[in-house]
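Letters A, B, C and D name the chains as they come in the text, with residue numbers starting at 1 for each one.
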Amino acid sequence: MEQHGSRQQGRWRLWVLVGVLVLALAALAAACGGDDEAAPETAPAETEAPAETEAPAETEAPAETTEGDGAPIKLGILSDCEGAFGAFYEVDIGGAHMPMIARGATPAGANPTDGLENLPAPGGHPIEIVGYGCADDTPEKAIEETRRLIEQLGAEIMIGPLSGDEGIAVANYAKEHPEVTILNGTSGAQDTTLKVQAPNFFRFNSDGAQWNAGLGDYAYNVLGWRTAAAISDDYSFAYTSAAGFIAEFCAVGGQIPNENRIWPPLNETDYSSYAAQLAEIWDEVDGVFLGVGGAGAIPLLKAMEETIGPIDPQKVVGNLFYGDPVIVQELGDRAVGIASADSMWPDSTDPKATAWLETWDATWPDLAGFAGSVFAYNYNSAAEAMLQALEAVGGDLSDGHAAFREALAGVVLDAPFGQISLDANRQAIQDNFVRILTAEGPVTVWKIPQVAQDFGGTFTAETPPPDRTNPTCEPRELPWAGKAEVITAPEEVLGG
Amino acid sequence: MSVAEPVLAIKGLDAYYGRAHVLQRVELEVGSEPVAVIGRNGMGKTSLCKAIVGMSPPAVKGSIRFEGKELLGRASYRIAGAGIGYVPQGRRLFPSLTVDEHLRMIGSGNGSARWTIDAVYELFPRLAERKGNRGMQLSGGEQQMLAIGRALLTNPKLLVMDEPSEGLAPTIVEGMIETLAALVAEGMNLLLIEQNIGVATSVADRQLVMINGRIEAETTAAELVASEELQQQYLGVMRIER
Amino acid sequence: MIAGARGRSGLAIVFIGLLAASPLFVSDFFLSAILTKTLWLGIVAASLIFLSGYGNMISLAQTGLYGVAGFVLGNVVAADGGLKVAWDPWVGVILGLVVATVVGLVFGAVASRSEGIYFLMLTLAFGILLFYFWGQVTQLSGFGGINSIQAPGIVSKPRTDPDNLFYICLVVSVAVYALIRYIVRTPFGIALQGIRDEPTRMRALGYNVALHRTLAFGLGAFLAGISGILSVWWNTRIDPGSVGLGRTIDVLVIAIIGGIFWIEGGWLGAFVFTAIDTYSRNIDWLGPRFNTLIGVIFLVIVLVSPGGLIGIWESARGLARRRSGAGAGLPPGAPAERSG
Amino acid sequence: MAVAARTAESAEPILRLRGVGRRFGGLEAVRDVDLDVRPGERRAILGPNGAGKTTLFNVVAGEFPPTSGTIELFNHDVTFMPARMRVGLGLTRTYQTSRLFLGLSVEDNLYLALVGVEGGHLRPVRLPGRDGTLRSQAREIAERIRLQDQLGAPVRNLSHGEQRQLEVGMALAGEPRLMMLDEPAAGLSRAERVQLTEMLLGLEREITLILIEHDMDVALTVAEYVTMMHDGAVIVEGTPAEIRANQLVHDLYLGRGHYERR
């Protein structure tokens, strides 16, 4: 007798179900196998029905040892692989790998995320990278990934995250998790260190406001602006970034009233309505500060050209994104002549600087040229500071990382583009640079030495955090106003 | 296909809906002579249709051969392609398509085939009047006509009709009986499921009686019409006195 | 729901017992990141399943509404962020649920007159509207969200001591499940199913279909709000990313993976989703393509069983039972006719 | 029968249609219909397919308003009253293609019909007493339509004929004063038609009955008065005997009737 129809269909479905289950179990086994490879002492992997498994309690103190060596130091690295800054993912991870490569580690592949081999072992404790986190510039995802790296994969130290709101959320997370130490990746919201003040969160890079030090002064005194507009993303980093420009421009005598501050949402793709807003006040202002970052920079400039016409580069200054190699590469001629600022000095002739740039290109041929990116640089600074502190304490993470953190707070980095030290809130003090983009690349014109987060008392834990209307526009005392160190005369660059 | 061999041969057909054993070892043959399957509601008549056209109940076994080829296990669109036209009970139209679109979806306006769109409009002039109306704007009877027309357009060798007279006005039913008689005369093979004995006996001489999922008896139209007793026995008919 | 309900109830009791004992044998991480998350995520998925399975209203606003409860809670409770008023956490819970329900009723009143794709689009618009509302009204949140939201003492410290929050989520989930199962057998719930099947007839029978749908939507919002509160306790924070389009799609995927016709499917789908989401990222060769893996698994499940994982379970049981001579239960949405 | 009809004529009509028309775009489905139905009357509406019978039902039941004319129901002008409010006046109906709650059981279907009339639509709690009463009423109706053995079965699992029976059962719920049945016998077997006819004949006189039916055995047995429609308009009215004898009715509708032999 023949059997047909749905009975067979039912059997087919059962087989597919069995197949899916087998695949899922294999995937889980692979996932857990990844852990076991580097950490053979971990408890049984989660390959059986999840409800019955005992996940390794990896957050406990690493008491066990392997092969006579010290217990591994578990490190997680968090960046964005999706969202506005997803394009920087490999660059970030590559930056974090550089100090380890300098200490003898070797890349496992052409891409940084392929991993490292032969990692350094400060004090006999080999560093083990437990995983790379992949967020998407939302705090939600950043926290999810932080939890995965720390709570699931057992990271004791994490480097990251990338973006402003993520940084605030992760700093808050750090506060609730005193057992881990987190070094900021490259996020630059002011609140992260100034307000949250988590004792186990360290930031070896400037915040968004520091990154604009010198730019307001430059716009007022070199470009001759008196009234300006600002267009910047509607989230914490961009608030901080605009705050740096606004505070300084107003401090030296300029005007940026609230109605000249435009805030398109992060991840906006159509900037035409915002460009139209800008066009309305175009004749009334002497220039505009661009704080739209990441993937938004190019569509914004295009929208402005369509609405306003060809843009006079002397009527525009931008924050760090408008000098970053990743973005400049895509902006092309459009950005030539625009002044921007950050803590990078890629045209420095200092041997440290050239060595950094050359080593990078040699290490990551696929990512050549990106050593001039703050993203690579800041992840590098964080990893370098971590290694120096670990070396100083012989890899000792006992007593809740007490010695390690003390060492970390005292690290003074002799970094490629200038010295980096920390203030009392574990926030970097670092040089800042104003440069002009030319067809040959950025030419640095000004250096503002050792910029601190508080802008000479303009920002404190008590002042309202930067937002759409803060800071207000008023003349203030600024420690560096009129005191920039001239690297190349701006007239020379603009004239040529 | 030899003359002796029937177009449709069903052997040992069993079908289940969950716990219900809705078809039980059904044996049935359809040749050039039209066949009517009669019986009360819930006896398995519709399940039989669905099994033939591949809209199977969850579980079917046995054998359904059409022109010698096994149908069981084939997808319903392939069965339709093999030459079985189906008029389902309750019409099953597309609410948003017009009458004309329903028909154009299946067949062309001309050609050498017996059934063209024009031929369908000729059969049901009412449909021609309603060409531009959508499925849901048709009255119940018009929907039934459209369902029949749609089945004819595939130019089937075998037409399976599940209660085509339901919801049709008496005049239309009369017209339909004439149409079916004409189709049979042209050589169409016909399997008719009906509760309306008048229709069943007017179209087919062979009457199969389905009771509780089995073909329980076979009789002829003349016998059935003549015998009140048989009607009572097979269909539970009784006269109403008022 | 209709068939095999008793068997499923027994199974549910076994599952709940196993879950209740799970802190004894799973790690803190598994308990918190997988099981606790499964429980609160399951509630919002169950609210979607309730609306779609019993009311034929596939709502894409559930995450938005869950966010309303979460953001209200955050605004009212957090000392630093949002309104910064630092009220009692329980006041936040009550306010959060009330506001979510009220917003749900208002949305429901607007959406209840449309059906099918139009209903879907309207609720999607609601969800996106809420996302931008929280992102752009910086007085209440901004894209950075609200951090360090204090939970009531009973929750303990979910990071270091996850047991309390786990049991709270378990008890609340069981209560939500029981509530839905109860409601659907009341006149309100049966009428909702009537509206699902034949709104025209319900009108002819005297029911106010639009009002009925609106109230059901409000109930769905209340259930989603419960999930929002628990998620904030679990995360200790909330931001618009928690209610964005991505999260909306996640919840829809969870409901479909689990089985859009059964309330239990919400939790089952949430468990599968959370486990895949958590563990697939550790698969080295997959790299950042884990979302693709989730997509593929989703496709396979939908292809194999339109009724989701519970649907597979049901058809497997049906197959087994038919082999032993008995019939299978059919999902309420599955077509089955016996006539002739 | 004549006596009954005469007493009915003397009473005030419970349903009064004046100049009722309904257009769908260019299609005039119902045109200028005047109709009086008196309490207790059994009225059949006949007509070829597409004559506008179901549209007329829908207008009376309130599914959509007429595009012209007025409708009075139990002395209320209900021309623009929503369908759900007409139930309160005692109007119930069935549908030509079943509109049942396929995902619910037979008992739940009838229960919903009863709750619809009795109220408490939004009650989110179970009340054993109240629900018990309603459910026993639902079971009584199920017995009347001979579905008492299928109480717990999901309606989607019923046979076509059983679903048609339940259609009628839904209209019986809640002591209606006017029942409108749209082809109640369609899809029923001969035996079931007989049962249906008997049930309709057995209905209390308090219930007024209007039915659309193509089965002349059912229609002309149950009805005391027949309205014949064609192309949206009423063309003939009369007793069953008058209708049977009318040549126009035969030409347009009944045909030669040769297949009606049994």
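Worth a mention:
Operating definition for what follows: a contact is a pair of C-beta atoms (placed from the backbone, for glycine too) under 8 Å apart; a residue touches a chain by one contact, two chains touch by 3 or more.
Keep in mind that what you see is a predicted model, and the values were worked out from it rather than measured.
With respect to subunit D, maximal separation of chain centres occurs for A (centres as means of Cα atoms). The interface with the largest number of contacting C-beta pairs joins chains A-C. Nearest to the overall CA centre, using the mean of each chain's CA atoms, is chain C. Taking the mean of the C-alpha atoms as each chain's centre, subunit A and subunit C sit 34 Å apart. Subunit A and subunit B have Cα centroids lying 72 Å from one another.
Centroid to centroid, with C-alpha atoms defining each point, subunit B and subunit C lie 46 Å apart. Computed centre separation for the pair subunit B/subunit D is 29 angstrom, with centres defined by C-alpha atoms.
In subunit D, the positions touching at least two other chains are 157, 159-162. The multi-chain contact residues of subunit B, meaning those touching 2 or more other chains, are 17-18, 39, 41-42, 46, 57-59, 89. Those residues of subunit A in touch with two or more other chains are numbered 7.
For subunit C in complex with subunit A, the touching residues are 18-19, 22, 25-30, 32-35, 80, 132, 135-136, 138, 142-145, 147-148, 157, 159, 235-242, 244, 246-247, 271, 275-276, 278-285, 287-288, 293, 297, 300-301, 303-305, 312, 315-316, 318-319, 322.
Considering their complex, residues 17-18, 39-42, 46, 89-91, 126, 130, 133, 137-142, 144-145, 163, 166-174, 177, 195, 197-199, 201-202, 225, 228, 231, 235-238, 240, 242 of subunit B touch subunit D.
Within the complex, the subunit C residues that touch subunit D are 2, 182-183, 185-191, 193-194, 196-198, 200-209, 211-212, 215, 330, 332-333, 335-340. By the touch criterion stated above, subunit D contacts subunit C in their complex at residues 61-63, 82-85, 87-88, 92-93, 95, 99-105, 108-109, 111-113, 115-117, 120-126, 131, 154, 156-163, 170. If you check the complex, the residues on subunit A that touch subunit C are 7, 10-11, 13-14, 16-17, 20, 24, 27-28, 30-32, 34-35, 46, 50-59, 81-82, 89, 113, 115, 131, 134, 136, 138-141, 143, 147-148, 151-153, 164-165, 168-169, 172, 175-177, 189, 195-196, 234-236, 265-266, 467-468.
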